[in-house]
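Take a look at the structures listed below.
Here subunit A shows up in two complexes: once beside subunit B, once beside subunit C.
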Partner chain A sequence: MNVLEINQLTKKFGQFIAVDGVSLAIMEGEIFGFLGANGAGKSTTINMIAGLLKISKGEIKLLGKDLKRNSKYVKKNIGLVPQDIAIYEDLTALENVKFFAGLYGLRGNELNKNAIEALDFVGLGDKQKSYPKSFSGGMKRRLNIACAIAHQPKLIIMDEPTVGIDPQSRKHILESVKKLNSNGCTIIYTSHYMEEVEAICSRIAIIDHGKVIAEGSKEQLISLITDAKDIQVEVKDAADFDLKEVNELNGVRSVQTEGNVIQIYSDAEVNNLNEIILHFMKKKVEIRSLKENAPNLETVFLTLTGRKLRD
Partner chain B sequence: MNIFRIFIKEMKSNFRDSQTFIFFLAFPIILMTILGTALTNAFTDGVTIDNEMKILYKNEGNKELAVYFKAFTSEALNHGFQFAEENNADKGITAVKENEVAAFIVLGNEGVDVYGSDINTIESGVIQGLMAGFANQYSLLQQKINPVIAEEIPNDFILTSSLNGKEQPDSMDYYAVSMAVMLSFFSLYASYQLFRGEKTLKTSVRLIAAPITKGEVLIGKMAGSFTMNAFFILVLIFFSKYVFGAEWGEHLWMVLMILFSLILFAICLGIAISFVAKTPEATASISIFFVQIACFLGGVYFPIDTSSGSLFSFFASFSPLTWSNEALREIIFAQNVAAGYPVILINIVIAAACFFIAVWHLHRQEGL
Partner chain C sequence: MEKWLIVFKAVILGFIIIWLFDSQLRSESLLFFLLYISCNLTIYLFQKRPVIHIMSMMTIMLIIIGHLFIEQIFILLLPLNLCEWIIKWTERYFPLLLSAIAPLIFIERELQLLYGFISVISMVQIALIDQYLKKEAAWVEKEDEMRETNDRLTKSLLENAEFNKQLEYTIKLEERNRISQEIHDQIGHNMAGALIQMEAAKRLVDKDQTKAKELLQNAIHISSDGIDSIRFTLKNLKPKTEQIGVQRLKLMIDDFVVKQGVTTHFLYKGSIDLISPIQWKIIIENVKESLTNALKYSGATKIHVDIAVLNKLIKVVVKDNGSGSKKFTKGLGISGMEERAATVNGKVIIDGQDGFSVTLLLPII
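Right after this comes the complex of A and B.
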């Protein structure tokens, strides 16, 4: 059963088309990953689903009900974890959760019970009466999640929920996402961390220039680029290395550096490893290590969009 | 219910913020204490009237009153009050406006109208006292001659139709009213943040994502802000009354109606500014400028004579604090309750206009 159906969704800001005819179906119980670089249209799509932005064209249906005609119903069944921490510093953790859950129609004992459960769920059960100003970044992120789940929505949208937090809090959040999913929640998850998306998402859509350019499970996406390989060359000093010349080597599609690691994406069927090594030797660049990686989501993203996720 | 939730949230946030108390309560009280104490002499002591005071009058009363008033003016002349008859009321009022005479008095069987100069002129208070004395004497005389008629003379004989005649407020009375008016208008500072604050905290995203309307958010926030400001006004009034002995008159409900209408005005104006201005910085700058100019022209820091005809007084008459201030003094010191209605109406009409601007912007834009 489809929890969310998006048909030909379009958003225009003046002449600029931010989202261009996106169509998607998200099934019940999925963790659906949304991948896209900054400005790709991913946040705009999410904002339209959450009712933050008006739809220019197309339709969004939640549990078969159209967002435009049944705005209250749709909103009531969605929980939004915004990218920015959106909590009141002058309300306690419990008051924050109760206030936002209250806006979804929860009352009395049910409101109190759900709010406490939501705080327990994100590991802040002992901080009910504490003010967020005393919280670490990770704790605030968790409270940000609690505020979105207390009303027990059918669909939870998590927009970059792990930005700027410590590894321990990230781990806690990722476990929470999985646990929510196992409890029956359908989740839309966006992240700049490819490994997070790989680890938790059952299906992924890659969005670029406002369009969905690929969609499927991790394996399905990787199978799309069997014609490419990823070669990583670690050198002593890549500072003055001319990437342009490497790009002109036989079969090379793109080259990027990250520190002293040079990442080369090349046609899989072209055997150009010797040529690449020779080029480095000719340029008197000392090679520390060299490896050919199996394609992963990063490779897929780079191959399909021509840029890295965090560009 | 959602409006109530947002209202409660606003109240919690406001009352937990110590800066709110400092700004909205401590500051006006301290200012009232300093100005009220420092400027005591400017309101009460050290004033002498060297020249004769010229007063025009018109008698619309009966013969008896005319005879008695004639005798009264002869006696008053010995004390420096020079009365002259002027049967054209327009000319009499114009003479007052142009400061040619200290007052224009219309005598009638129903009461005495005193068209005095502004509250800040000493003459006005003196003439008010003089006419009150005349009214009392006339009342006593009538009692001797005809007790039945005397009973029919209303207690507020001198005050019922007085336009500008007032008891002279002392400095603490003046600043208690001024600070209450200023504090009401300070609501603008709280209201321009109502929506900007949500944007800064990013909580506007959650409010829009929730199944509530923008209207519910707007009303809930306005109600919260109004209640907080109304509470501070009440505290200020009772503090000034019982600690400084400031005069608030016998019509406190009307005083509160004016102050509350001014709060509503300021809240709606603040919200409208926050929607019309493009950036938070512009919103803050416009709001601060607006409040400070309105306070300055409205006679919050020192009395301003709006009847002087100068350019400054012309601009002063456009300050909402001026008209609110003047109406409050009419009610408190002249018992002229009717002076409050037009001011309440003006405040509410402008508030409604600002409210519609805010609603229009809110409806048009995406998000809060």
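Right after this comes the complex of A and C.
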């Protein structure tokens, strides 16, 4: 089932078109990644989904209901973790979560229970009574997430939740995204960190200049541009090495030597590294180093747009 | 809209007549009615703005004169005519209300309430009609726009169909030319050669049998060569689409370079034989559009046209070294490129940050 359907979504700021005819369908149980450079239109799209920005053209449907006509229903089922941290410094962590969950209509016991659960979930269970003033950047981010999930929305949108935080908090956040997902939440995750998107997203849309230029799983996206990988084996002495035999290994397309480096060009989908190493060992050739240049999302982005994700 | 206004005016007029019925109807009043009706009708009959304005003003004057010198009640006609005239000058509703109510202070007490009531109703009615008209105009405009887009898209679809037909025809024609050329060059020569050999053999058959046999053997060789080359010619495939495509694109770019004097490099890599004829058409049209744009806006001195066939995508980039543009408006040119690309599920990305680049991504079918 589609949790979210976006159809020809467009946002104009004056003459500038920030989002240009985006169409997407996000299925239940997905972690859907928006990958794009800064200013590509990710946040604008998200803000329209969350109902914070008016739609210039097109439509958004959450669980089959049109966003424009059911804004209350939609807001109840969406949790937004905004890019800029939105918490009150002079409320305690628990009060913050309760305040935001209260806005979504939670009351009384349920509110209390859910707020504490949410704080536990992000690993701030022991900081209920502390003020965010004393928190690190990463802890503030986690509190920010707790505020967005306490009302148990079906769709959680995270807009660059790992910008400017320490590695430990980042790890914690990525893990909690996965945990939320395994609890049945559908998640939209935006980032311009390719590694994060590669690691957690089941499907990815590459966004550039307000358009979705490619969409699919990591493997599908990579297969758009190539079906080959490059393996470089540096050996002690490649002079008498028989290239033909390597050529016959599973998946290998061509082999050539450059000095003492043997370049193996192979099918990207075939995992033949073990086989190749074994072959070198059998031939008693000493391997000095081994490098595999498999294409990744960064390569895809660079190939499709001609630019890097981060400058 | 006019109908409603006329009905409303008639209602007020009727009301005044009933009001005046108790006191006897004076001939001046009758004259006023007739003048009022005829003035009003002229407003609706003429299309020219100056005439409408003059008649509106005259009607208003008439009402004021009627109010001052004939019957005070005639002032009730004022707000509607006033609003109707003022709405032609202003977008805002506040001055409308103000001008409709303003005469209130000059009117004597008994009529004030009635006048106020009618002026508010008139204003509201005019405002409603005005809004309705504006909305209608907006819808009409939108409809026109959609119809235009629709027409354009239909046209491009038809063009594509036409192109396919033409292409088929061109390919047939080229094939026919090639075959006739081959027949002339190869088979014709062969046959002529064989014929000569056989003629000679016929003459020699009585005098020198071995020589004649040799000549016949030659003729047989030549003929069988000929048959082979007929087979080969017929089997040899049609001209390949990628050659036609690359050739056309090259021609177009060369033409551009010659005419405009902007250095343009064209590079292609990957298996370009995967590009279908219709994709070639779109590529060529979009490259043409991009080149024209570069020439018009960028002041570039160098343009690169690159085609790369990736695993499942065709990527065409036209990039110039000109001034670029961070903010550009999407005109017909860019929309056209997007629409053409969309007919084969393609995308167009435009980037104006470092020079100006237009990237066309088409999925390989």
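Everything that follows uses one rule, which is that the second predicted complex is superposed on the first by the 245 of 311 C-alpha atoms of A that agree within 3 Å, B and C clash if a C-alpha of one lies under 4 Å from a C-alpha of the other, contacts with A are read in each partner's own complex, and residues count from 1 in each chain.
The definition used in the following text is that a residue touches a chain if its C-beta (ideal position, glycine included) is under 8 Å from a C-beta of that chain, and two chains touch if they have at least 3 such contacts.
Every value quoted in this text rests on a predicted model; they were computed, and no experiment measured them.
**Q** Output check: A:N247 vs subunit B and subunit C. Expected answer is one of first, second, both, neither. What do you get?
**A** neither
**Q** Considering only the touch criterion stated at the top, classify A:Q8 as touching first (subunit B), second (subunit C), both, or neither.
**A** A:Q8: touches no partner chain.
**Q** Of subunit B and subunit C, which one touches more residues of subunit A?
**A** B
**Q** What is the contact status of A:I78 with respect to subunit B (first) and subunit C (second): first, second, both, or neither?
**A** In the superposed model, A:I78 contacts subunit B only, not subunit C.
**Q** Answer with first, second, both or neither: which of subunit B and subunit C does A:D208 touch in the superposed model?
**A** second
**Q** Which holds for A:S134: it touches subunit B only (first), subunit C only (second), both, or neither?
**A** neither
**Q** Answer with first, second, both or neither: which of subunit B and subunit C does A:E95 touch in the superposed model?
**A** A:E95: touches subunit B, not subunit C.
**Q** Which holds for A:N271: it touches subunit B only (first), subunit C only (second), both, or neither?
**A** In the superposition, A:N271 touches no partner, neither subunit B nor subunit C.
**Q** Which positions of subunit A sit in both the subunit B and the subunit C interface?
**A** On subunit A, the subunit B and subunit C contacts do not overlap at all.
**Q** Would you pull the subunit A residues touching subunit B in the complex into a rising list?
**A** Going by the criterion above, the answer is residues 50-54, 71-73, 75-76, 78, 80, 82, 84-91, 95, 99-100, 102-105, 107, 147-148.
**Q** Please output the residues of subunit A touching subunit C within their complex, sorted ascending.
**A** The contact residues of subunit A facing subunit C are 15-17, 208-209, 211-214, 223-227, 303-307.
**Q** Tell me, which parts of subunit C touch subunit A in their complex?
**A** 310-313, 315, 317, 319, 327, 329-330, 347, 349-351, 357, 359, 361
**Q** Where on subunit B is subunit A touching in the complex?
**A** So the residues of subunit B touching subunit A come out as 1-2, 5, 9, 12-13, 16-17, 201-203, 205-212, 366-367.
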